[in-house]
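Next up is a structure, given as structure tokens.
Chains: A, B and C, in written order; residue numbering restarts at 1 for each.
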């Protein structure tokens, strides 16, 4: 290997995670071990994982934790029972249904929807943003104009149309939200790529003859990840709320089914008279977003050693 | 740079054409018939075919899709966006007379968001891991998980009802003084700006952290520059790039009318216009409104892209 | 950083700020004097138009009907003289109205300058009606009125005669839909301006409309009764909960609609009263598509009726009979045709289950009833207002509890209208029409809403058709009562409740309670609303 190439490689290994380029530097298993170790030492990230695990576990095994059916156990005589009532720890809603039960069962749909939409919009958006920002030229123009169209388009019109064409179902709600959601990721990623691709080490990578795909996804992207991960984790909460508003427009499947966003919507009329109807789904959503945030931050920190203080 | 701007401006034409075609097509396949709605069709009345045909002809809906589209475009380029099905008033002046209200709200929201998020984000970044950092993250997360109507309502109940400090709805009147305008702006702008502030705070924080660890920052420090200069001038400038991107993208939704905020606060802007139009399937209004807002949004994106170049001289506008 | 570039950025920002600052200023036409009596109301309805013959929306009517007057005005079943002083039924087909001789078009506008003293006479009334009846003018009520009215004649300077095509039981209701307007105004102002500048003979003159924000009216000092109020201001507030807050803070004096969940706290606020708006209540029901696969068998509809605890549902939604009470009949109390049909409806889950079992429905392994491989599964389409979407959920849950997979789906209005109109539904929740011709409008198989729910009963059609041309009240009432009971037995509808809109007002508003509606003039021979702070 020539002196120049070696110097370039050394320089690269300083700024980018060892092991991703130049497999000859470190064995992969040890790289993952490193990442895991850094993650585990991040207190908040661990707490995030803990909270998420417990939440997911409780939601999946809801029948273990509550005897009430979130839909069928509608006891109209027991409406709006307060927190701490016998049999109903979190009280009942305006139709006499147990709130704790509805939170648990509701989490299944909400978390799943939130996570899937976030992940898919991120993948699609980042992919397109990468290509757009990296190659530039007419490709960039083309994609960014499409992004413009999507971002400027009124969400309501698009949502109604898609659901009308496809029919109401949870799958289609997810599809709608992904279609509407990827453009902002694309824009963000493109911006990041634009600023990073001019950096010296990228010039060097190109000179070294690495393929475009490699440079794009292994050299530039990892460094661009920070704000993308932030957006993705914050999106989860927003997605749950958007899914709820789709329900409101009549695009939902079944408005008696529990779902955190829908519960918040339906609790709206009772904001002052029965705040516990809003508080619990709100807390559930916030807690999920918060812990995903910590996990996301932890991941990003673990993947990029420069972040550590 | 000028060539770039001109090129981009020219590109808005096909973009707008594409948007208008998309809106047209989407409205075509969407359920909901403006003729029925106009005839106040309900469960209690049969719509007699003669009336239906008459109204349909009136609205021009008896013509086939492409004829209608070409009609619309040819009038649009002359500046005539048609008339609303509901009010029968011209679309363009109707939208434009409400635009200042939305702009006022949007920019105030943006201002509030920036005023909160940038200092908070920078603070969180500098004191990473400290109590400030955690508070900032926590607040940011909560506000993003709060639905807009919820937060807006909360503000109204607290500040207008309980404390009687601020008005509960409506836009201020400049004839009654700038104070009146500001008093009416505070709550809706805060409601609108908060979730944006949340995202921006987090972005600023992570962006700043990254930038502060960069080589050139270390270099600047080693040069003996004051810490403050280092942070604000060198670091922040580069940290701003993703922030500007997010702002540009979010502006679309803000400009799109901040529908929920305008509805809650009875703010007379384009958002409410849009919602009403969609609810009543007022096709010309939906199309006209969308086109105007999209144009504004595209301009904003252009400004954002230019700002990239300003902030980061390495980004060039010439083709490789 | 390059200063040139900074400047460019700053210029761009400044341009934007300047455009914002150049917002058109709302013109305050006259300085507000402290002693001025201003009544401020909160309405949730956007203004579609202020043109009296183009609108059918209540929200528009709230304003139009303070500015313009029809011949008669009032609430359903109690229409009183307004622009007309009196009338008589000369024979079955002829109605003759005597106008009051002190009605003048509003002055101080582009059409009638101050001191014009343009009096309104029979020819103006005829002109208004002729205009509306002419199909070329595309008036909202042209079709309906055209069916009823054959001709309008001027008998003398202040007397108008209407000739109908057949004896019309609901004639007064029909003509009360036409506020008398000035054709000269249309000519002078042109259609666009006319549509948003109402000029009439009413107690209040139109001043300005700030789009989506407010409408300002001022008193017509040439009106034959001097209005107590100097100004009436309507604020458009789409969210009813916010309007309630505005009422509590005193920012508005009347909130036209208080949501059910806010009533208690509004009542508890000092200085605020909550009263029921006038009218018999809005009739809401569950409708079947009587030709759909699942519901064409009357017995199935019966079973469903037994399966739903409607009384409990209504109690759960409203909690207070003053806000909403159970309806057993498709006619609103106070309107001919109403009778106590509570004997026709019963909640009995066991009966429901046994009927379905008899018809061959058995519980599948997934807990859903099925017959011949078909699951008893369908969507219940409801509007998205609070009460009805809740009703949807309750009804669906009751049905789920006996094994019917009913999915409640709240829909936005336009989609719902589409579906109902093309009978694209199995079961839906809807709102009826509480007017005198309600039964006819909802159930007649060819001239009413029968086709929507695919309902046709020739006996019912006969009764309704006869009632339509029966001018004698008692006869008509008997026919309608019989029709209503026949309909109930067929069960195309499951009557749910009567919803009573609540209006909130400040105690400083006087003389409003008896006729709590803004659809009726604030100043008339029957009341003169005042505000005493």
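Keep this in mind: a residue touches a chain if its C-beta (ideal position, glycine included) is under 8 Å from a C-beta of that chain, and two chains touch if they have at least 3 such contacts.
Computed from a prediction, not measured in an experiment: that's the story for all the values here.
In terms of C-beta pairs in contact, the better-connected of the chain pairs A-C and A-B is A-B.
Centrality by C-alpha centroid: the chain sitting nearest the overall protein C-alpha mean is B. Per-chain CA centroids place chain B at a distance of 34 Å from chain C.
Centres computed as Cα averages put chain A at a distance of 45 Å from chain C. Separating the CA-averaged centres of chain A and chain B is a span of 22 Å.
Residues of chain C found to touch two or more other chains are 241, 412, 415.
Across the assembly, chain B contributes 31-32, 153, 157 as residues in contact with two or more other chains.
Across the assembly, chain A contributes 160, 164, 271-272 as residues in contact with two or more other chains.
Of all residues in chain C, only 241, 259-262, 264-265, 309, 312-313, 315-316, 381, 384, 386, 389-390, 392-394, 396-397, 400-401, 407-412, 415-416 touch chain A in the complex they form. Within the complex, the chain A residues that touch chain B are 136-137, 141, 144-145, 148-149, 151-158, 160-161, 164-165, 183-184, 187-188, 190-192, 194-195, 198-199, 223, 226-227, 229-231, 234, 237-238, 241, 244, 261, 264-265, 268, 271-272, 278, 282, 285-286, 289-290, 293, 297, 300, 306-307, 309. Listed in rising order, the residues of chain C touching chain B in the complex are 1-2, 5-6, 8-9, 12, 16-17, 19-20, 22-28, 46, 48-49, 54, 56, 135, 138, 140, 143, 191-192, 195-196, 210-213, 235-239, 241-243, 245-246, 248-249, 251, 287, 412-415, 417-421, 430-433, 438, 441-442, 446-453.
Residues 31-33, 36-37, 40-48, 50-51, 54-55, 58, 86-90, 94, 97-98, 100-101, 103-104, 107, 153, 156-157, 160-161, 164, 167-171, 173-176, 237, 263-266, 268-269, 272-273, 276, 279-281, 303, 306-307, 309-310, 313 of chain B touch chain C in their complex. Residues of chain B that touch chain A in their complex: 11, 14-15, 18-19, 22-23, 26-27, 29-32, 128-129, 137-138, 140-142, 144-147, 149-150, 153-154, 157, 195, 198-199, 202-203, 206-207, 209-210, 213, 238, 241-242, 244-246, 248-250, 252-253, 256-257, 259, 274-275, 278, 286, 289-290, 293-294, 297-298, 301, 308, 312, 314-316, 319-320.
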